[in-house]
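Pasting the structures in now, so scroll down.
In the two complexes below, subunit A is the common chain; its partner is subunit B in one and subunit C in the other.
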Partner chain A sequence: MLQLTHIWLIAVKDLKIFVRDRAAVFFFIVFPFIFIIMFNFLLSGIGGEDERLELHLVTREPAGGLSHQIIGAMTKAEESQLAPGQPKMVRDKDYAEARRAVEAEEMPGFIAFPADFTEKLSTGSGTRLEVVANAGNTNYRAALSGVAGAIAAEVGADRVIVEASIALMVRGGVIPPDEASINQAVRSIMDRLMAGGAGGEESAFIDFATQKVGEVEAENPANFVIPGYLVMFVFFAAAVAAEAIVRERQNRTLERLLATSVRRESILGGVFTGTVIRGLVQIVIFWTLGILAFRVDLGLAPAAVFILSFLMVIMSAAFSVMLATLARTQRSAGSLAVITALVLAPLGGCWWPSFLYPQWLQDIAKITPHAWANDGFNKVMVFGADFSAAVPDMLALAVFAAIFGFIAVWRFRTSAV
Partner chain B sequence: MAEEFLVVKDLHKSFNEHKAVNGVSFAIEKGEIFGLLGPNGAGKTTTIRMLSTVLEPDSGEVVIGGHSIRQEPEAVRSIIGVCPQELALYEDLSALDNMVFFGRMAGLNGQEARAQAMQHLELMGLVERARGRVSRFSGGMKRRINLAIALMGTPRLLFLDEPTVGIDPQSRNNIYETIRGLRDRGMTILYTTHYMEEADRLCRRVAIMDAGQIITLDTPRQLKSQIGSPDQVTLEDVFLKLTGRSLRD
Partner chain C sequence: MKRALYVALNEVRLYIRDKGDLAFGMLLPIVTFALMYGAFGGHTLFEATAPIVDEDGGPYAARLVAQLEAVPGIDIDRLTAAQADTRLERSDLQLVLYIPAGFSDALAAGEPAQLVFRQRGNGGQEGQILASIIRGVAGDIDREFRVHRQVAAGLAGAAVPADRIAVTVQELLDRERRQPAVAVAEEVVGGSPDFINQFLPGIVVMYVLFSLTLSARVIVEERKRGTLERLLTTRLSVGGLYFGKFMSSVFRGFIQTFILLGLSYIVFRFFTPVSFLAALVVAFVFAAAAAALGMIIASIARSEDGAAWIGVVFTMTMVMLGGTFFQVAEGSVLDTIGKISIITYGREALGTIIAGSGTLGDTVFQLTVLAGVAVVGLVISRLIFRAVPGGK
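And now, the complex of A and B:
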């Protein structure tokens, strides 16, 4: 109880010092919004078209392949059954023709299933969806990538695996090709899948790569801009706060604290809490202004957006404290903070959508917490995914936070003042 | 013999190969002002940092108010106050905020911390500036705040590491009076300084340290009588005779 009081008092003390630093407050709240207002201004001329998006699907597989069933299932919905904003799926017959249409800019892009889709799936060796899109049409490419991702992630694990197995069993004569036996087989395979926990490994079965055609022309919706800058600035502000913690050590107040009844853990906890509170203030301002002034759409799962924001704050604060325990001087803490924040932000997709990056860069980006946070926000806010789609991103952020926090505690325990 | 409040036995501390404190032993009686003198780099601050549980000794035993600093550091921390050699203040906070904050860290509740802070600010003649930002204070005012913070929570043992460097005679006298007042109320004080005449006036006993070791320990008068008539020689003469005239560090 006493330790909690100490943690709280240290946090309040840090906040007091913070609000007296006008430059810090400016950097922390006003600065991000200058960026956002700028982007909003740039965007205001664009957009406004409310046509339903048509997403094209093509398969190179011979008839009877699984991809035909998937495309069939996806294109089945009548236009009248689609929710507002939900894209319409269109099936194209010929890959070469579709590709020509994209290059001639008659069509913005399409998703293609490879010729060996069923075969690769059923042997478990993994396969790859191809997204071919006009580089200039960022939104369309984003949407296609999202759909491809969704196919890979969701349809991938359940329906594709099950259907592949059933198709093989039917073809191999293991079960008779009537509806009753197939349904029963589906159920038993599903049961086994669930029990085996195969759900977490879907991405191993299918992944997808994005190909660009033509020149890139940036064009960002507010639903992308706001979370991107939130991720960047929450992290940036927290990282820069590491400097303040090092200052505490350098101006000897840390030593003074250590000679009182305050535990080392409480000092770390207090500093961490102060940074978290500042981050929470930041996200409240971000989302309030984002919704009221920029009309961002939190998608189907606002809870996911808030949890991702919260975890981003926790992770950033943990990073800040870790940085403070690693850096020796205030100056090195400050420059390390700025450098990491400025490198991780674009790499993690805060400035432009990372789903437009080449695959290898997307893979590298996964080492940044930013990439996970942005991935989660984009899924929910740009591609209309539901809560569960963002859970892996939440877990990733939590893991980053735990690692940073662990290093911080370990360093602070063993380090001299 | 009076009760010994602080007992130090054979304290050692090395930084890399350098022996900063090399076998220091002494004891301070309850209610005594004890001076720890020595040239730059003698190991005074390092000793105080170990006694105040901030730095871990390589070896040696320290007991404060009956509590070992190794076995019961928490108990020790609750009865000591430290005025570090370098200013240890939050420059962006007010004097009052600084004092209340450290008071609460020393275990006072909000009300007590406030009351004590005002009382100490009064003592230091800083009541009018209580709500002023420390960064705008003069050097002397900062020194007085640095000392006042050490008094928060009414510690039983006070470590004062050069509390009077860089300040004018008025501030210095204010600090002397404060320190005497504290002793009269029963506080035990370990005091380091480079002003010999200050030590002579304040301390009942002084230890002179050099190169990590205590080379002599006695009352100022006894020390002076070792080299001449106590009324004619100064403690500085003793100091220079014992520690030599070569530069340190």
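And now, the complex of A and C:
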């Protein structure tokens, strides 16, 4: 009981020191919200883009070529006839002009048919579609490449139909193997294919239906900005607290405590509890303001959000004590705290959502507790996942806390010598 | 002047020996830039997650999902219908592909089958691209059925065995996959997202400002411990001491930028010798402005911790307003507010030189502003600078 009292008294003492340090209170409680307001403002409207894609097609072939028929078939539909989300195809007349527009960033890109498209296909020597796209527009390039691939596959399928039919006709004795008969059969098959539509959609086996369930709504940036800065500043505040622990060790305050009836475990527990309480104060303020002022959506599993926040606080407090045991001087504790906090925050997705990172970087980021915490918050608050989806992230934070805590308990010393 | 220079040189010598300070000044910018480059630079692949509800569970549904999963950059998120409906309802998802029950059975029986897109609006930009990729993959399966049907229809009444048709068609489809009649070639032109030019200058100047404002803590510490007062017992005047501290900050900032720009020169090779020298001029002026602001912080802070907090808050605010980590639209409110940040001017001036298109002449405005900040900062900080707490 006495030990618990000591733990509590040490924790309260640390909390009092923190509350009286106006600069620290400002930095860890008020300052993050300046960032949050700024990024909320910057990112507002993101994810609300829903204009129908407009894909451009151009051919360098003279009139009458197969490419003109393909483009004609693809661009014949009026926008009002298109299903929601079906891209609008636009025919451009001049290749050079289209290219200039892409270079000048007036147009994101286009698909071009070569001048010898029909000739190459007729001779069976193979040809290629050109996707010309602006370097900065990866998404548009993906859409263009998808459509170009579909055209290429369609033409390829027609070639298979013709070649398979002719081969089987000749082998089955349906037509004699002379050039004239084969040419006539090819023409007949081609006519039948063209009558089925250049896109061949009349005879499609797999059809698509579109059901619209509402309009696209822009994501509230606070749903990923607030968790990111909560993770960063809870960890930052805890890491910086290591400096105070080292200072008390260096000026022998901890040794003096031992000279009374306070035990080493009580000091450790008190320091840890004080950091936890401060972290809890931070998360209460973050979420209260987040919900009331920024209207954050805690998703389908608010309990998961709170458990992740709590585990983040526990892990950060354990890290703080561990850092204090590893750092020899107050200055090195301070430097390590700032460096660790400022490196792990961007790597773990606190500055920018980590789901925007390439997969390899997301994998590397998993060495940081920040990445697990942010991953859990994003799953629940941005992607609408349920509680179970965040369980692996909670377990990962618990493992980090256990490792840091183990090192802290193992190496904790009250004497600078 | 000579004594002030000694003070400055001594500080620089201590700085170079301090591994912690060097790590902060050199390592952090490199790590930050490497992280940003890894995260956002050279991002040439469309990456998205395709939410799919497979109510069919048959072989063709599995094949469709497997082929989608094989598309580079595409991940699959398998959902139940209830999960998908809830997420669509909450606008957590913009587009979901439903594979209805009976899809595989219908195709196996040679009958048409249907896939369903449930979406909000047009599905958002990402959803529309995903939909076009899904259509392409489904079209690949569809074509096999269609080719078989078309060939069989063309041979109707010719007494060609069905298995021979199937084998021939499959052989030719396989050949078509290996050697397509029409290939697709991508060409990327213009508008290169020049990540290095865009972010490197901001990160370099950010950490110079960080280092110099945080170094104010050391001056406060020396004042509290009486080190500055002891120095005044020599022939060093308060002005000389002040100027020595200021010059040491400028040199530190300059050395830090010199090393970072030198590394960039070696790694990215975007400098010419002349543009490198021009960049160093910018670095020197920026270091002077940042050092002057650091001196103001050292003059007004009462404790080491206070100096550190002011330095961090000031720098992070300048960074936030200075467009270090994001592009601010020209003429926007943020662009206007950003004019109060010295990061803006340092970043713009260095960016103009690094981009290769600009010379020092093109950075006159930014250099003038930075020099102005340095002069005003020097005057203010000198007026309020105290070497002894509460004294001269």
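Following the convention adopted for this analysis, the second predicted complex is superposed on the first by the 234 of 417 C-alpha atoms of A that agree within 3 Å, B and C clash if a C-alpha of one lies under 4 Å from a C-alpha of the other, contacts with A are read in each partner's own complex, and residues count from 1 in each chain.
Going forward, a residue touches a chain if its C-beta (ideal position, glycine included) is under 8 Å from a C-beta of that chain, and two chains touch if they have at least 3 such contacts.
Keep in mind it's a predicted model, so treat the numbers as computed, not measured.
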Kindly classify A:Gly149 by the partners it touches after superposition: subunit B alone (first), subunit C alone (second), both, or neither? second
For A:Leu9, decide between first (touching subunit B), second (touching subunit C), both and neither. first
The chain contacting more residues of subunit A, comparing subunit B with subunit C, is C
Of the partners subunit B and subunit C, which touch A:Asp21 in the superposed model: first, second, both, neither? both
Scan A:Phe31 for contacts with subunit B and subunit C and give back first, second, both or neither. second
So, does A:Asp363 touch the first partner subunit B, the second partner subunit C, both, or neither? neither
A:Glu54 contacts which: subunit B (first), subunit C (second), both, neither? neither
In the superposed arrangement, does A:Gly384 touch subunit B (first), subunit C (second), both or neither? second
State whether A:Glu97 touches subunit B only (first), subunit C only (second), both chains, or neither. neither
Same subunit A residues contacting subunit B and subunit C, which ones? 21
For the complex, which residues does subunit B have touching subunit A? 49, 52-55, 74, 77-78, 80, 82, 84, 86-93, 97, 101-102, 104-107, 133, 149, 153
Residue positions on subunit A within touch of subunit B in the complex are 2, 5-6, 9, 13, 16-17, 20-21, 251-253, 255-262, 416-417
Subunit C touches which residues of subunit A in the complex? 21, 23-24, 26-27, 31, 34-35, 38, 41-42, 47, 49-53, 84-85, 87, 99, 102-105, 121, 124, 126-139, 141-143, 145-157, 159-161, 163-165, 167-169, 171-172, 174, 189, 192-193, 200, 203-217, 297, 299-300, 331-332, 334-335, 338-339, 342-343, 346-347, 351-352, 356-361, 382-384, 386
So in the complex, the part of subunit C that touches subunit A is made up of which residues? 20-21, 23-24, 27-28, 31-32, 35-36, 38-40, 43-47, 73, 83, 86-95, 107, 112-129, 131-133, 135-136, 138-143, 145-147, 149-151, 154-155, 158-160, 164-165, 168-169, 172-173, 176, 179-193, 305-306, 308-310, 312-313, 316-317, 320, 325-326, 334
